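Shared between the two complexes below is chain A, which has chain B as its partner in the first and chain C in the second.
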Partner chain A sequence: MRLTQGTFSFLPDLTDEQITAQVQYCIDQGWAVNIEFTDDPHPRNTYWDMWGLPMFDIRDAAGVMTELTACRKVYGDRYIRISGFDASHGWESVRLSFIVNRPANEPGFTLERQESEGRRVLYTTRAYSAQLPEGERYA
Partner chain B sequence: MPAPLMAVPPEAAGAAPAAVDLKADFEASGLPEIFDQLDREMVGLAPIKQRLREIAALLLVDRARQRFGLAVGAPTLHMSFTGNPGTGKTTLALKMAAILHRLGYVRRGHLVTVTRDDLVGQYIGHTAPKTKEVLKRAAGGVLFIDEAYYLYRPENERDYGQESIEILLQVMENQRDDLVVILAGYADRMERFFQANPGFRSRVAHHIDFPDYGGEELLEIGERQLETMNYRFSPKAKAVFARYITLRRGQPHFANGRSIRNALDRARLRQASRLFQRADGPLSVDDLTVIEAEDILASRVFADMPTGDAPARDTPAGKEAP
Partner chain C sequence: MNAIDKRERRDRYAAGVMKYQDMGYWQPDYEPKDTDVIAVFRITPQDGVDPIEAAAAVAGESSTATWTVVWTDRLTACDKYRAKAHRVEPVPGAPDSWFAYIAYDIDLFEPGSIANLTASIIGNVFGFKPLKALRLEDMRLPVAYVKTFDGPPTGIVVERERLDKFGRPLLGATVKPKLGLSGRNYGRVVYEALKGGLDFTKDDENINSQPFMHWRDRFLYCMEAVNRAQAVTGEVKGTYLNVTAATMEDMYERAEFAKSIGSVVVMIDLVIGYTAIQSMSKWARRNDMVLHLHRAGHSTYTRQKSHGVSFRVIAKWMRLAGVDHIHAGTVVGKLEGDPATTKGYYDICREDFLPKRLENGIFFDQSFASLRKTLPVASGGIHAGQMHQLLDLFGDDVVLQFGGGTIGHPMGIQAGATANRVALEAMVLARNEGRDIVHEGPDILAAASRHCTPLRQALDVWKDVTFNYTSTDAPDFVPTASVAG
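So, the complex of A and B:
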């Protein structure tokens, strides 16, 4: 099951050229660009690991793309996303976030139903891949 | 600022235009403006301005060729600026960034100035991230490495500079469309640096040598600097300053434009204290802007003159002369 999170997620995967253009847009808006990766695709997992520091002082997308290439070399088998953080007063939050790398095989999620007292049902989504320990999930 | 023209995708060979107008291209690129500015703001340096025009012409012709579908080697634009201190290397690097941006060979046209400190780390494993960080910052612009020869320290085998050099060389070769590297430094030491690192020499296409300024050029530089600070010489002061330049050039540690700037800063200091000590009434704008001959004559340069015609010095001058 193809993971759909963040902007552009229902489109086909972005090419590097398209990623460059989006990153340049973030830079032109004055947002700090971050590269994050994870192997836990659960939608509630908001804390992805950061690749390096947020990039505040970069003028051109090429700098971000070299970092992305480096990140893909190490974590090419995981999800990688790029986010643009707007530090300006009143926003102070992520303005744009999109997936730029995904594992070759995405097993998707299972929906667990837990029957509790009465006729109540508790639902849990669980990623199949997250059953393995971290680091071994998409190997 | 007009958008760089490279953004226009080169037409397919089939749809090539019948002819290109280089003149119109030149006008459209916004280059005349920059060259005018260069002529206005930078005194002398005729051979360098000529060289810049040549480079710009080559890039324009390359672009025209591309439009006809003719083979164009991606131009190597890395440069080395050699010359004595204060000859305008950094200023020109800024202009170079603007020119390359107008021609569309760098995407942003910003200049990142670094020295050895910014590139070389202090312990094992510190250098590569540091250098890469700088390269990332410079991407899309011009990386100006001042006193580049300090990167290479032959006397210390375990110096980390070599690591930095290797990364630089790799990027200069593989990411030629991402950034342009300008190495700068004194001519003789740069020569030795290139001898020790042949990789650099072959990757640097343009070696530009900055000549020292002549006396008249220095005087003009001084006047322009004063103008930007809203000061001016009295006619007598101008003559004295010309003499000051002649004397100062003969002395050691003369740093061309920079020495002139320092001399003027000191003259302003003396002017201020002169006004302060003698002020017995309201001062006019003229009083505040004119540098008098005595402000310059108080300099130590005149005091060291071996000939006996050293001018009489003002009483407070002795303390102020550097």
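So, the complex of A and C:
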């Protein structure tokens, strides 16, 4: 399967040139750029691990791309996403978030059903990869 | 010093009939207070009726007056409670109609009650005989009154955080055919559309609980579809379960059931009424639920310019009443929507402060005082080939809802959904790269369709579909060129 979280997952994987353009767009909007990675792709896994702090003061996308290269060297077998954070009043949240690195093999999820009263079903989504300990999932 | 104080109070309150303007409802030198509610009406007086007297009558009948003098006014601080028509001006290009500005003291209204606000402002007055027609164009709601409302239970930002979807419009589709599918077949449409790339599917306004499909059956099959689609894509998905029903008890029962089976969103229709909407908003706030409003019925009173209530006023009321989504027009689709007027509706839903902009039909500065924002929904006769226009018109904070434009795809529902999602992501990518999407849009779509067969098929089928009809509700004011100073 292909995990389709993020703004551009239905397009072919972005090239570094395309990623640079999106990062520069975030910077030009005044948003802080953040790099995060995970090996738990569950749709409600909100807190991916941060690669350092959000880059609040960077003015050139090249600096972000250097960090992305470094992150890929360590966590290139995991999902990595880049997000733009807007701290202005009334938003104070993420504005753009897209995947820039994914594991070579994405085994996807299983849907577990627990039958309950009145035809109700309690659903649990479980990532096949998350059955292994963190760090060993996509090795 | 108002007009009434200048005359003998004994004359003012003598029994009998008196012109409204002589009763104090016309005060041309009145300066509205920051805490006043101000309404602007389009009035079309009967032949021979003076527009100022007509405006005073509207002020009177929407506040304290009746057709004759009553001595019991003198038991009250009646000068304060009397609404004050203070400005009447001709409507550009319409010789028989006038804009009348009327100010209301905030004490006339119950805090946090749309029902009470509307009972005054659009109560008796709309049937008043001396007027041929009357339309409520806009209202300035003072911050002091705005702050008595809870507003949207979720709001745009929190909804995006909850769904983990940023940087692009959300995508939806209304299940079609809107009537007749069984629960099992209905869920099939939901599953295919969500798996194909949509964020939401939606019940139509008139899907409640009918002989062909009981509501519980629909809810259960829909949640199977939502959860399957989440597992297949790894994305949060939702379907607006319409809980509209005959009574509040029925609606609460359906909403509680939707919550118990894990839905992130429920939906209501405008026809349930303002009080029911506010009740469902409070329920949604207590239960972490996104509340979708379908504006069923609004065109009966919003569409004609001479009489009724402008949708911009309905949109303001609904943001106060507290809905997270509201249908606000598509401009390019099959339903009424002038571009400049529609922009006004979207701004009312999404901005915290809205400056007066007559060219968009916005008559007043309006602050929403940090009230959460309502996500507008563009739905009705739109397709992937219009993606550049839709993104340019509405930006990111909108739900683009393609019903026929998803389900009518020649290769099926999933392909239709994928075509829309790819078209959208390609257009957002291009816009962020600084490309001129309005002019390059068709090229961007063509390029994207080279790696996406469903998009190419969608563009082939619908490439010539447009709905170009004259709008019935265009702004009265056009921008005039001015020298920047």
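Quick notes on this structure:
Going forward, the second predicted complex is superposed on the first by the 138 of 139 C-alpha atoms of A that agree within 3 Å, B and C clash if a C-alpha of one lies under 4 Å from a C-alpha of the other, contacts with A are read in each partner's own complex, and residues count from 1 in each chain.
Keep in mind that, in the parts below, a contact is a pair of C-beta atoms (placed from the backbone, for glycine too) under 8 Å apart; a residue touches a chain by one contact, two chains touch by 3 or more.
Just so it is clear, the structure is predicted and the values come from calculations on it, not from any experiment.
With both complexes brought onto chain A, simultaneous placement of chain B and chain C is permitted, the two fitting side by side without a clash.
Put simply, the three-chain overlay gives an angle of 100° at chain A, taking C-alpha centres for chain B and chain C and rounding to the nearest 10. Once the two complexes are laid over each other on the shared chain, residue contacts for A:63 go to chain B alone; chain C is not touched. Of the two partners chain B and chain C, more residues of chain A are touched by C.
By the touch criterion defined above, A:135 lies against neither chain B nor chain C after alignment on the C-alpha atoms of chain A.
Contact with neither chain B nor chain C is seen for A:30 once the two complexes are overlaid on the shared chain. When both complexes are overlaid on chain A, the residue A:55 reaches chain B alone and has no touch with chain C. The superposed arrangement places chain B and chain C with a least CA-CA distance of 13 Å. The residues of chain C lying in touch with chain A in their complex are 157, 160-161, 164, 166-168, 197, 220, 223-224, 227-228, 230-236, 260-262, 352, 370, 373, 418, 421-422, 425-426, 428-429, 432-434, 448, 451-452. By the touch criterion stated above, chain B contacts chain A in their complex at residues 107-108, 110, 132, 135-137, 139-141, 175, 178-179. Chain A contributes residues 55, 57-64, 66-67 to its touches with chain B in the complex.
By the touch criterion given at the top, residues 1, 3-5, 7-12, 14, 18, 21-22, 25, 41-44, 46, 83-84, 89-98, 108-111, 119-123, 125, 127 of chain A touch chain C in their complex.
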